[in-house]
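Only one structure is covered here, and it is reproduced in the block below.
As written, the chain order gives the labels A, B, C and D, with residue 1 at the start of each chain.
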Amino acid sequence: MPKLTLLIHCPDTSGIIAAVTSFFHQRKGNIIYIDQYVDLENQTFFMRLECEFNHQISFDDVKAHFKKDLGNPYKMSWHMFGAESKLKMAILVSKYDHCLYDILGRYRSGELNVIIPLILSNHKDLEPVAKSFNIPFYHIPVLKDKKEEAETQQLELLKKENIDFIVLARYMQIISGNLIKRFPNQIINIHHSFLPAFAGAKPYHFAYKRGVKIIGATSHYVTDELDAGPIIEQDITRISHSHSVKDLILKGRDLEKIVLARGIKLHLERKTLVYNNRTVVFT
Amino acid sequence: MPKLTLLIHCPDTSGIIAAVTSFFHQRKGNIIYIDQYVDLENQTFFMRLECEFNHQISFDDVKAHFKKDLGNPYKMSWHMFGAESKLKMAILVSKYDHCLYDILGRYRSGELNVIIPLILSNHKDLEPVAKSFNIPFYHIPVLKDKKEEAETQQLELLKKENIDFIVLARYMQIISGNLIKRFPNQIINIHHSFLPAFAGAKPYHFAYKRGVKIIGATSHYVTDELDAGPIIEQDITRISHSHSVKDLILKGRDLEKIVLARGIKLHLERKTLVYNNRTVVFT
Amino acid sequence: MPKLTLLIHCPDTSGIIAAVTSFFHQRKGNIIYIDQYVDLENQTFFMRLECEFNHQISFDDVKAHFKKDLGNPYKMSWHMFGAESKLKMAILVSKYDHCLYDILGRYRSGELNVIIPLILSNHKDLEPVAKSFNIPFYHIPVLKDKKEEAETQQLELLKKENIDFIVLARYMQIISGNLIKRFPNQIINIHHSFLPAFAGAKPYHFAYKRGVKIIGATSHYVTDELDAGPIIEQDITRISHSHSVKDLILKGRDLEKIVLARGIKLHLERKTLVYNNRTVVFT
Amino acid sequence: MPKLTLLIHCPDTSGIIAAVTSFFHQRKGNIIYIDQYVDLENQTFFMRLECEFNHQISFDDVKAHFKKDLGNPYKMSWHMFGAESKLKMAILVSKYDHCLYDILGRYRSGELNVIIPLILSNHKDLEPVAKSFNIPFYHIPVLKDKKEEAETQQLELLKKENIDFIVLARYMQIISGNLIKRFPNQIINIHHSFLPAFAGAKPYHFAYKRGVKIIGATSHYVTDELDAGPIIEQDITRISHSHSVKDLILKGRDLEKIVLARGIKLHLERKTLVYNNRTVVFT
């Protein structure tokens, strides 16, 4: 059965829901998911819809009509996805392996509907992990005075492999503006604090110093400003005075793994929409 | 501005969303909330919708047309509520006061959009609490061999005050079938365990004995089977071996208060729908 | 049965636990609680101990010997409390009533082992709440150019009533250095964010703007630096893009109530120790 | 530096803490962790202690003296562990791979201080996973009428490899009384519900049917009664009416992984003590 997923945002006005649902009803589609949200402050309408058909449809035809009948008249920014094509995800790592093991374990056990053409690192340490999961590993060192060269190599590789989006699985390098421009809202980072608290380096050390009673992790899309991009998902765990910085690092690993995995899944399932540096997350 | 809330469930079929949203669009209504859910197993469709109008409407007229155009053709079970009328809530208590204080505090600080015509108890202990909040208090003792008499008195009182729904705020008596029949899915109980674990009496004692690491509380609609009605809300808190039964009772108080308050609010905001002994909770 | 609670911190050295426990064993005391913590970085030892006696003891005598035998030799900073005396707590409020209702409800239902000689406010709005709970209410306006006068009045009142510690239950004024000096680590504030994120004014507005997926509340001791004092307790709740600032404010109320109540209880039970702007919380 | 960990339970009496801490102080040991708990109902004392020495000690000598001076006089049940020896863990699996991937990922990234001599299964499906992590895999089919044979083979293998404890990582067979007797409180199972709710088969199906708003997972030691052994750890996640059984199964996977991993870690760090079918978990 053909199935499609639709994401919309547009200026809010009366009748959009009726118009969109009627569009699919006329094509004998069965709407199996609909959720919408109105940002009243900005008078903006957001919608996610899944529709199944029990007859063949021309996807291109549906798209063309949608554009003419709804997309253009309502000034929509919209994306329509078929179920067929898997996204291609690149994983960037440095030396920490826990997020990588977690992603690859989920991938192998069929939890992530994705293709992983490559793992890319500025160090060689995690090559054996990639090998044991049979994923191509590329080592591109990032040297202090040759950052641009490294970046050029990275971009070529990502292009060659037709990468759709990038996951920074505790990649300990700051991403350049070029890469961000090439993958807008397509680079997912995991930061090991409940942002905006403890942005930047060594969040566990600062959390310890401040004496917080909870620590967190945040997955977010990468933008030019460090650790300030749209937040996809956060979670926390309780700590106490008795936990050392080392304990926080250990306790935080599970948080990082889960919050990153949830972020990746939401992205894969086309459940996120970015607007005004915030995410709309349809669940 | 007139506003209405609509709750529907009906056999699932194609085009319901389009039909309903078009109905309100034609009346120049602005849909500010829509959520739907399909129980695939039972082929049943559920929907909650809020619609605002920036012109006067005849509520009765809308209802009549909705019935004719949609309710009947789609075999809907549906309820349409205007924003104007507050529900009337009776609180039943015995001797525990923490839930009562919590509800009345929320009521006085404007958090609960409800009228509380009366507090009813089988004991006199909490009369001063009712008095300090200026709520009429009725003492109807429930004696072993005169349960029916007490119940008759209760029913008369509830009828006289036009009570819409009942909250059992740690009321330590089993509710009779008569009362349940008179208030179907309109009696909210708080049970001090994460049901279905530890149904019945003394859940904290059994939780201690079993050595669980989490305790919970459950708010649910009362049905004929004890602690087996549709669950509205649950929450939990962590405990350890070092907590005695007394500690569990103390720790559980905050859970009971919050889980009951959330249940009451969901009910007041018409966000719950009961079906097959489960609740659909629109949030 | 006499019972005492002991709080210690001192330079870490070998044998402290043995020395302290032997001290009470020699006096035929029964240690019913012991917990200790070593801050390895600062080589500092912390301990909390509860001891019961099934015979009469002279509390003063125990204290004198403890000082001579242990306190002085080990260079301890220590406090020993008998069970007899209740602390006196002042509540400061402005116009928000939810935390006040919560504290007073807990107080009346016997959950807080404390005396509340007074509620003090810069506004008259909450006088009826105080009255309904039979607690004296004092209105001391804080005018822009007469802050010092107000403060002098406050200090006199707190002194006259022998107040031990102060709770700021959403008191919307910045506390002066004088008051803080007079009550070091004895003023508990509730801040409506997971500090250090969103310190200062309007945290819910900033949380909305940043698009966080969790909001929090923090109870902490007040120090000269705004919202930067030692954290006693924190908790969080999940939110989504669909929650407006107003929703956050409503959802945050329960957090504020619970996190403040937990902070008050930990303080009352002498379970907190402040060191290096962090709290050691024995549980 | 030599280090030891001590676990004790014994009849409660006055002076145990002083006696034990003095014992180590006399040997110039530095107590870096102490926690104790008294089960008042059963008048039983529990203690966990870690002690470091900055000089060489004879571990056997310390044990012999401890037995004579404290173990016997106080009628202690006690265990003293040196830091040197790693435990040997066998993993039993059937066809589900998510818990296995999680454990092996943690093992490879150095999070679990353990030796894994073998993975044992009644099916061949997960052999490739074992291989990719270079762990010996044994396939012992469990046929309906030849269960005892299979068990004999299992026991031989476990004995040959000197296995200390067993982890059932979603092993879909009921463990025999023989195996349980051979490994008392040394077999850790993960059950996919918040026990005691939904013991037995298909807990997610029953959770869906009951309409609970939270699901959970429980790691526990295996005893003769199914899913009724001492609970080590539990955790939960929120669900809603909109989640199908399949959704619950997917959402539950992360819970199962984390709750099992926590159980394994607590066991490895000798932080659990079993008494009266409950665990004392020192943290």
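One rule holds for everything that comes next: a residue touches a chain if its C-beta (ideal position, glycine included) is under 8 Å from a C-beta of that chain, and two chains touch if they have at least 3 such contacts.
In UniProt terms the chains read A, B, C, D = Formyltetrahydrofolate deformylase.
Model, not experiment: these values are computed from the prediction.
Undergrad: Treat each pair of touching chains as one step and give the shortest count from subunit B to subunit D.
TA: Between subunit B and subunit D, the shortest chain-hopping route counts 1.
Undergrad: What is the set of chains touching both subunit A and subunit B?
TA: C, D
Undergrad: Could you see whether B-C or A-C has the larger number of C-beta contact pairs?
TA: Higher C-beta contact count between the two pairs: A-C.
Undergrad: Mind checking the centre-to-centre distance between subunit B and subunit C? Centres are C-alpha means, answer in whole Å.
TA: Roughly 36 Å, centre to centre.
Undergrad: Roughly how far is subunit A from subunit C, centre to centre by C-alpha average, rounded to an integer in Å?
TA: Roughly 41 Å, centre to centre.
Undergrad: For the complex, which residues does subunit B have touching subunit D?
TA: 37, 40, 194-198, 210-214, 216, 230-236, 240-242, 244, 277-281, 283
Undergrad: Which of the residues in subunit C come into contact with subunit D in the complex?
TA: The contact residues of subunit C facing subunit D are 14-15, 17-18, 21-22, 24-25, 28-32, 34-36, 38.
Undergrad: Using the touch rule from the top, collect the residues of subunit B that touch subunit C in their complex.
TA: The touching residues are 97-98, 101-102, 104-106, 108-109, 111, 129, 132-133, 250, 253-254, 258, 261.
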